[in-house]
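Naming follows writing order (A, B, C and D), and every chain is counted from residue 1.
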Amino acid sequence: MNYDRTPFETDKPGEECGVFGAYDFDGHDISSSIYYGLFALQHRGQESCGIAVSDTEGPKGKVDYYKDMGLVNEVFDEERLNRLHGNIGVGHVRYSTAGASNRENAQPLIIHYIKGTLAVAHNGNLTNAVDLREKLKYSGAIFQTTIDSETIAYYIARERVQTKNVQEAVSRTMDKIEGAYALAVMSPRKLIGARDPYGFKPLCIGKRDNTYFLSSETCALDAVGAEFVRDVEPGEIVTITPNGILSDKSHCLPAEKQGRCIFEYIYFARPDSRIDGINVYSARLLAGRFLAKDSSVDADIVVGVPESGNAAAQGYAMESGIPYGTAFVKNNYVGRTFIKPKQSSRESSVRVKLNVLREVVKDKRVILIDDSIVRGTTSDQIVNMLKDAGAKEVHMRISSPPFLWPCYFGIDVPERHQLIAYNHTVDEICKEIGADTLGYLRLERLPEMVNGLGICTGCFTGNYPIPAPKDDIRGEYEA
Amino acid sequence: MNYDRTPFETDKPGEECGVFGAYDFDGHDISSSIYYGLFALQHRGQESCGIAVSDTEGPKGKVDYYKDMGLVNEVFDEERLNRLHGNIGVGHVRYSTAGASNRENAQPLIIHYIKGTLAVAHNGNLTNAVDLREKLKYSGAIFQTTIDSETIAYYIARERVQTKNVQEAVSRTMDKIEGAYALAVMSPRKLIGARDPYGFKPLCIGKRDNTYFLSSETCALDAVGAEFVRDVEPGEIVTITPNGILSDKSHCLPAEKQGRCIFEYIYFARPDSRIDGINVYSARLLAGRFLAKDSSVDADIVVGVPESGNAAAQGYAMESGIPYGTAFVKNNYVGRTFIKPKQSSRESSVRVKLNVLREVVKDKRVILIDDSIVRGTTSDQIVNMLKDAGAKEVHMRISSPPFLWPCYFGIDVPERHQLIAYNHTVDEICKEIGADTLGYLRLERLPEMVNGLGICTGCFTGNYPIPAPKDDIRGEYEA
Amino acid sequence: MNYDRTPFETDKPGEECGVFGAYDFDGHDISSSIYYGLFALQHRGQESCGIAVSDTEGPKGKVDYYKDMGLVNEVFDEERLNRLHGNIGVGHVRYSTAGASNRENAQPLIIHYIKGTLAVAHNGNLTNAVDLREKLKYSGAIFQTTIDSETIAYYIARERVQTKNVQEAVSRTMDKIEGAYALAVMSPRKLIGARDPYGFKPLCIGKRDNTYFLSSETCALDAVGAEFVRDVEPGEIVTITPNGILSDKSHCLPAEKQGRCIFEYIYFARPDSRIDGINVYSARLLAGRFLAKDSSVDADIVVGVPESGNAAAQGYAMESGIPYGTAFVKNNYVGRTFIKPKQSSRESSVRVKLNVLREVVKDKRVILIDDSIVRGTTSDQIVNMLKDAGAKEVHMRISSPPFLWPCYFGIDVPERHQLIAYNHTVDEICKEIGADTLGYLRLERLPEMVNGLGICTGCFTGNYPIPAPKDDIRGEYEA
Amino acid sequence: MNYDRTPFETDKPGEECGVFGAYDFDGHDISSSIYYGLFALQHRGQESCGIAVSDTEGPKGKVDYYKDMGLVNEVFDEERLNRLHGNIGVGHVRYSTAGASNRENAQPLIIHYIKGTLAVAHNGNLTNAVDLREKLKYSGAIFQTTIDSETIAYYIARERVQTKNVQEAVSRTMDKIEGAYALAVMSPRKLIGARDPYGFKPLCIGKRDNTYFLSSETCALDAVGAEFVRDVEPGEIVTITPNGILSDKSHCLPAEKQGRCIFEYIYFARPDSRIDGINVYSARLLAGRFLAKDSSVDADIVVGVPESGNAAAQGYAMESGIPYGTAFVKNNYVGRTFIKPKQSSRESSVRVKLNVLREVVKDKRVILIDDSIVRGTTSDQIVNMLKDAGAKEVHMRISSPPFLWPCYFGIDVPERHQLIAYNHTVDEICKEIGADTLGYLRLERLPEMVNGLGICTGCFTGNYPIPAPKDDIRGEYEA
């Protein structure tokens, strides 16, 4: 199973960011560990990235940082990492949306305030950001970016004047901000992690010798050779200091009110990550098994749309006893910068990236598994490729329910009228994409898939853990 | 199944080049089709690439070309392709060897000679290149590169003075050169393909409307929407002209003397390619089936070392009935430029690129399939990762025989003393890499795997279709 | 006379920035005019540059901008300029100091505040910046840069809540800020220029058809084909609107209190500029004439240290009747990125950039004019080159008084102990640099040189128009 | 006096290359000295450059080299120079012509031939190159570039088979090649310089301790701290070996047949260079003096068109007694990459690069000196600028005769019909450019200017030292 998010996967919702933090109590430079951590979180954001570090024994306001547009290994090289000195730090990878992509919005945000310096890395989307910004502006604040981190940093700075430490200022800030957030905050002497009360976004703690880590996903802990300690709980603030990990659970909600983003399990997270006790790969396998039970069909082979459909396809195969196979070869050299020069009609953009293994599907009845259909723009091409290669039947199964509603919590979703399930029945979609049959995961299966954890299924049901904002704010201010 | 050749796959022999040619009889510019073709052949060479085109109706000596170090989509962009005008052309991707990597050696080679201009793209290695160069030098030739294409071009140029057309000059050149070569040659009005008499390297013909193509592999024909016409036969010269495809088979050998590189089937070629009638993916599946028959072991799951071990693993699973699974997640953002900054011992270089899906292998007896072991430098790390993740047993199976001898025909192989199978028994290797058992494909299976085609198994047996050169020439002159 | 500031001119004080603004009442895009304007101000800052534009008829908060490290024609190309849409805008070039050079500090600063958006470009240095920042921080402000523009922007934003227009907010801000500043501020519908009450930094107004310009120097007006309208007066705020230019002179001081930076005339400004009625070239000619009168010596030829000494040398020649000549050839390919590889002792770094015209100076008594000596690090090399080339005598004349004191108003000056005049007498300096005689411009000549305008001569006398700040703030916060 | 060739100087003939060679008998690496040498010759070619070095004690065929498009300090950095190991080497800078600019044509040319390796750097143009190439092609030669160096290298390689050393092969090659050439050739153990019998192009020898240098101009010897030893004589071959400098004068002609390019003195060479005993600056001064004598006019000030007119302007001033002044400020940031975005008519391209010092010329009668008028495209703009700035009269004087004929020896000259003097009388030109009077240097003054040295004045007279080639070859093959 390979993890990258290439232009091929254009018909997916978009995640917005990964955060990583590290604190080495022995005082060694930590920038290269953050580099490796971010590299393992690259699938969460390919637009820009950044690292900010500080020396807990050095002058208090000094922060070394670098951020730029590009992938982690494009932005950082040996020389650049060597110029980042400090044993505490935070890093960030950011998702590339078409519109608001610019260098100023790269994270972490580094600010100088009354108590020194803060670096803030944020994953998620505040639903009351517009209101908060207006309020701040009325009291004379100026904004230089359109990222929520700046709003959060303002509140921490303001609260800090009246609180006795920075974690308390974070706590008071959480009284005000609403929406989805996983935060990694570096103050001159502390590393702080916080997760919104609903737990929309994942965040966990790791440890390697005398170094502690915060990470959006456990796969980044593996990458730096750290052991998983525990997840940060929804609503919890953890403060990592040489004297121990302090925990503030004052914002935590009862489990039934929690609303983890179910798409982390379905598509966003790496399959080798574990979120709140649930292994992502296993959840996907399970989704495949459910499809086999609820939407069975007789066929010769089960294949996945690479890469994100493979785990569910394996689950379907296990449950159904129909053999699992590989039907596609993907050209991984298609990077972010791949150009598509003017071309004859026969050089379709999918063909450039994907080719069918004909002998695998020829004269076969094929079950094709994908994790989601958003616009439906590529599904028909993929179904056609299988048919062209000689597949007798193509039965498409989707390891999530129909995608029907916008997301206000940090997921990049097209306009509602562009969602194919919004204005088509399942039968119509099936026809549109040229499949013989089409089946979606049943909504009831989702809680089962994550062992009863509280989840947000807003994109399928329109029911969100917290009210949707009056005005859709995603255009102007996005994380 | 994903195709790229990342730094992860360091313990593999190295291929040296892919060629692609196109001729549009309707006179349209062909550079973007060549771009797409090369892009699909990128796995055959990531060091440098180039495209040369000519207008068959334009002034005779004019060739537009561009070559540089880098991947196809790094070297070419829309603007650069638009500056390449012509309806006939050849392209090339070149493999990166450590030593002789430089811009001057990028292909195709463009030369001006008595009859105009030639562009030559070559895959393979001449075994008498040193002798030929010496002879040419004695008669006053000067060399500006260390690539065989220059030697070949010289001979074509010299013979051309006394022959009535360029294909005849190519034929006479083939009387002199020895070794492995698949050639795509562009003269001002003709596209010529040639394959050495042993057929070491693949070459095939495709067609799309009024455009003909030459390609190292059929996967590139798929990428440009062309139909496969046929393979160029070992020893054959094909001349593509608007009046038809001329064929010169005067250098062809009887089938039993042919010696296709078996590693094309085992590792080099893309699984969706078909070489001389044999589908690459099927051949790998078959190798896995043979392993299951000849080297069976009881286990709970069969997994492949990504990506090249997956097809054989699927074959093993089919034959044995043991379920196929996915055990590794690969980080595809590891590109050519990935840096490894100074790191703690816990951030091993394999961990950066590969992570284990623990729940898949935990408490399981695992059969792990790889296509080859050359130095043995990464196998032990991968076996260890499985054991660390809780695998009870790891049974390694290799879908080729032990790699024991050098290659003189264009494959990059380490010094003999570095080949682990050269100075270790199978048992010793098994111990070295920490596996519970180890099995290789039996040599007798190779002909069976490719349905009796004539193959070269020199790297396993030391028996080559043509005598090895007295001095190993790979150092000084390489393709 | 050529204008660039190459690494050769290392022994000079450093200027810190140029500003440029434009407003086209006819609604045409203005970015390319700003580009040309900045290009003409390039000598004022080579570290970074930026342009921000807005459409006065478009949505109110929308600002297109781009800034980066590098020269104007490195940072901007046709494509980038074409993406900057708007008929009103400001631009900035920034000086490269060794330490605090980074992308975040590039200007103009673009902020979103309660009344929309502001872009602020600033030349100069606030002397109470530390105090102002502390005050702002106490009220919850966060800072993301170390440039004074951010402090200024904060005050404008805060005052704007209580004032009826932005120029009034600028005026109230001027009540609080102290030090040197020439400002170009773009609000969504207005272009505002302001100059501190002492007039440390220059700022002027130009006009071309229906387009108005603000510029640090008149040479940039020439570059865009605009006519000089007038200088902004010290202390004046000008607001350029389609209804006319509004002027607020409430901060203006009596002429005798004004303190223009005399180094603008001596070295910083381009000789083809005119500042507050005084032509820069003429002022330098005059300085040369004064030297000829006050510090005469018999000689055969007068030459200048290129480029900044040439004007004064011409003045000296005119006054003295001794012929003016050219003694040096300068290699202008020495750019910012010039590297000095390890070299033998004979390849001195001055020799790379400068060569002597031997026949001009051989057996001659040479008067050598430079505009200033700061550290004295290159003067001895240049004197030596003349002597090596056969000059019988070298009489050095400096067209400014001895440089003795720090500058708090935006000029980059070395530590005091590094100033050669601080701890050496004129005779000692003469000996140090190997000259036969050495003469400085007399302090009394400075007012005469600029026709009695109020000037700051703090760097020669230690007497500043406003008190020096208690702590030297140049390290932490610089413009 | 500044030396660069910016886009401003568009109305000049174009030089084609500079060569530099070095041989350190003590065995130290020489690449950084070559770098400095080329840097001082940058004015002779800004398109591409290259350095090739070899270790005279190392393996015989090994040459380290690097060449690319760009300026010397863009192409080379510390790291790149450090990878070039060897104590003997040659370098080259190449002139940018519009058409045939590409990387393959960068020099030096490095070839492998029967006796090892040669690196050839060439300045000039062969007049029988087409014939020679055809002959070579007939005997089987292939060409990969369009530069004469390749033809020369072929002949050396062919002759070398039958001669006992490389200098003899060079000598025999000189029997065959015709035209202009200054050569620096590196064989594994020797550094060879050669100059065509007419001496069209300059070449000289320098020495620093145990290192010998070859250089197109003496200014590059100054740059590396070397002493001038002597010029290579027209027709001479010098072979630099640790045993001494061997000289072969068998191709030398009587002095009266020599034909040095007079434009080296007028415009190409740096004023601080000395060619065949004549100081370039002095020659230009003298040209100015001649103009003052032969074409005198009453005026208030003499100014030069920067930079190339300044020396002659100084000579004119000296002779006439009219004061010399500076009328223009040139913006030196105009580099090769300067873009001219779409602009209003008022932002003329000359204004961007040049500004007038108004007070210098206002109400003055100005004598304006330039070195040549080729197309006449910028002269009128410059005259206009002076008039706009208030000059009462502008008297233009040109320090060379009217430019009337093509050059076949390596100078880039426009088509004949584009030469303004070809189809206009002096009066017409004067009117065209808007000057009050116009005077050219009298043809008879040229020999006087260079103290009677044999010169080529073909571009003024159409009389060339050797017959012009039948077909103008400059299009296809240029140096």
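Please note the rule applied: a contact is a pair of C-beta atoms (placed from the backbone, for glycine too) under 8 Å apart; a residue touches a chain by one contact, two chains touch by 3 or more.
A quick map from chain label to UniProt name: A, B, C, D = Amidophosphoribosyltransferase.
Values in this document were obtained by computation on a predicted structure and should not be read as measured data.
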Centroid-based (C-alpha) most distant chain relative to subunit A: D
Inter-centroid spacing, subunit C versus subunit A (mean Cα positions, whole Å): 48
Whole-Å gap between the CA centroids of subunit A and subunit D: 61
Per-residue multi-chain contacts in subunit A, two or more chains: none
Arrangement of touching chains [line / ring / star / complete / other]: ring
Every chain pair in contact, whichever chains are involved: A-B, A-C, B-D, C-D
Touching residues (chain side subunit D, partner subunit C) in the complex: 1-4, 31-33, 35-36, 39-40, 42-43, 71-74, 76-78, 81-82, 208, 219, 222-226, 270-272, 279, 281-282, 306-307, 310-311, 314, 318, 323-326, 328-335, 337-339, 341-348, 351-352, 355-360
Residues on subunit B engaged by subunit D in the complex (per definition of touch): 103, 109-114, 137-144, 150, 153-154, 157-158, 161
